[in-house]
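Paired with chain B in one complex and with chain C in the other, chain A is shared by the two complexes that follow.
Right, the complex of A and B next:
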């Protein structure tokens, strides 16, 4: 991952593709590095790291949308 | 259908070498004239790419002669060319080998020029003005022409490697450069091509002599010529620069992580600007203002 301006370039080794992603995606990728989490655990960790207690619904909405995008880009695996 | 006794010419241009062949002697004679300053021997006696301009059928060698390309990497769905455009066909063939087959550097569809040990990369769509600006710089004191068609990014350091082919001038830029470069550096006028009238301009001999010497990338510029436009510039973000460089590269994605890192290294090392101008004098003044700003 290489930061550029307010965004980050992510080179995805398995596909050889490069993605330009937002800070929220970088935060989620950091959390999912070498571990599997469910959406509640991702939201909980982000709320704790970014001092967002009490914003649960908004976090879940944003994280859900980003996870959908990341799965569509094949940079995360969704496990049923 | 390729015969060993056909007229041929081996060419070394920067880090790549080509073997050109055609049964039509005039085509190879034109290549020899245009590439007279380029070495005919490769470092190890082996050339990288074969590019042959052959008749579209055996009869078309003798009756209504025409030619098509037979290369290591071949074009698809192209119409045969008249023999008068045979040299242009071989040029297209060499471009195709670099765009599709070359893997020793990241190939970017861009022009590049160096002053001292530092280089500027000129990116943009065909017709935007990068070839003209690079031709203006090629014949400006202190500047060394690195290439007008492809820039070669090093895979390990922020360096540009020269690929100083003859500069392909189109339409109005031909007269612009005829007023600035010696007459004996120009090739024949090629009319009726898909890009209009084309005339090649041989770079100064010093640029060809130095074609094994890379330069450190210091500036990225996206030039835009617009008739009568007032000179203007704006900085490009790194994100925009990355996207434009990656989109301009013919092999970056194929080079994997090394390709990604080479493009990243380029934009991390050199600021980028988009410039607009309406005349050659404005182009040079604007470009050199930015150059002094980033290399001071």
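Right, the complex of A and C next:
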């Protein structure tokens, strides 16, 4: 992973793919690095360490969209 | 003095609160991940894009798995030298056309020709798995099945193994 301004490049060796990701994606990856969390826990942890631009259900919706995107790119694995 | 102390405490509290950075989560429909295909690094074709909420993902597996040998129906590969590619039949099988008098060469039967471009993209294997669509230039499922058997028997160190590994969860 390499930061470039406020974007980060994530290189996935097995596939040869390079993903350019936003700070929100990096924050979520940091949380999921060595633990499994559900959406609520991800939102709670993000709110604990950052000021978020949104509140309540809006945050959960957007975080859900980010997680869907990351799973589609195989950056994370969804379990059930 | 009391007012100054209160003022100091308020400034300290404000400072603590502002030290937490604002994290912009973005919008539901605005993608936060864009994927660059490996070929972009070599000046190849246009890179791929990421999917947003509700949109389909467009990352493609463009790593390559070389096949420059002929294969029998079990996926076992042999050196293509001596095989006459012009003798290809409807199933993609080619006959050994060498003039060698070696008894070993005389036993060489027909084998499936390698793909025209000499390799497959990982995405072509995924497309076949998902839709049954054969790669460009391949017209026989028997030929492609033989190639798939060869590919699935690749070992570490063989060209294409890393690409295959990256596709395992998609195949």
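Please note the rule applied: the second predicted complex is superposed on the first by the 74 of 80 C-alpha atoms of A that agree within 3 Å, B and C clash if a C-alpha of one lies under 4 Å from a C-alpha of the other, contacts with A are read in each partner's own complex, and residues count from 1 in each chain.
As a convention for this text, a residue touches a chain if its C-beta (ideal position, glycine included) is under 8 Å from a C-beta of that chain, and two chains touch if they have at least 3 such contacts.
The model shown is predicted, which means the values in this text are computed figures rather than measured ones.
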### Query
Where does A:66 make contact in the superposed view: on chain B (first), on chain C (second), on both, or on neither?
second
### Message
Tell me the contact category for A:17 with respect to chain B and chain C: first, second, both or neither.
### Response
both
### Query
Now for A:33: first (chain B), second (chain C), both, or neither, which partner does it touch?
neither
#### Entry: Residue contacts on chain A - larger count, chain B or chain C
C
### Task
Could you tell me if A:75 is touching chain B, chain C, both of them or neither one (first, second, both, neither)?
second
### Common interface positions of chain A, toward chain B and toward chain C
16-18, 20
### Query
Quick one: in the complex, what on chain A touches chain B?
2, 4-5, 7, 9, 11, 13, 16-18, 20
### Message
List the residues on chain A that touch chain C in their complex, please.
### Response
12, 14-25, 27, 46, 49-54, 59, 61-66, 68-70, 72-75
#### Entry: chain B - residues contacting chain A, complex
237-239, 242-243, 246, 253, 256-257, 260, 264, 267-268
### Message
If we count contacts the way the header does, which residues on chain C are in touch with chain A in the complex?
### Response
20-29, 31-38, 41, 50-53, 57, 59, 61-63, 122, 162-163, 165-167, 169
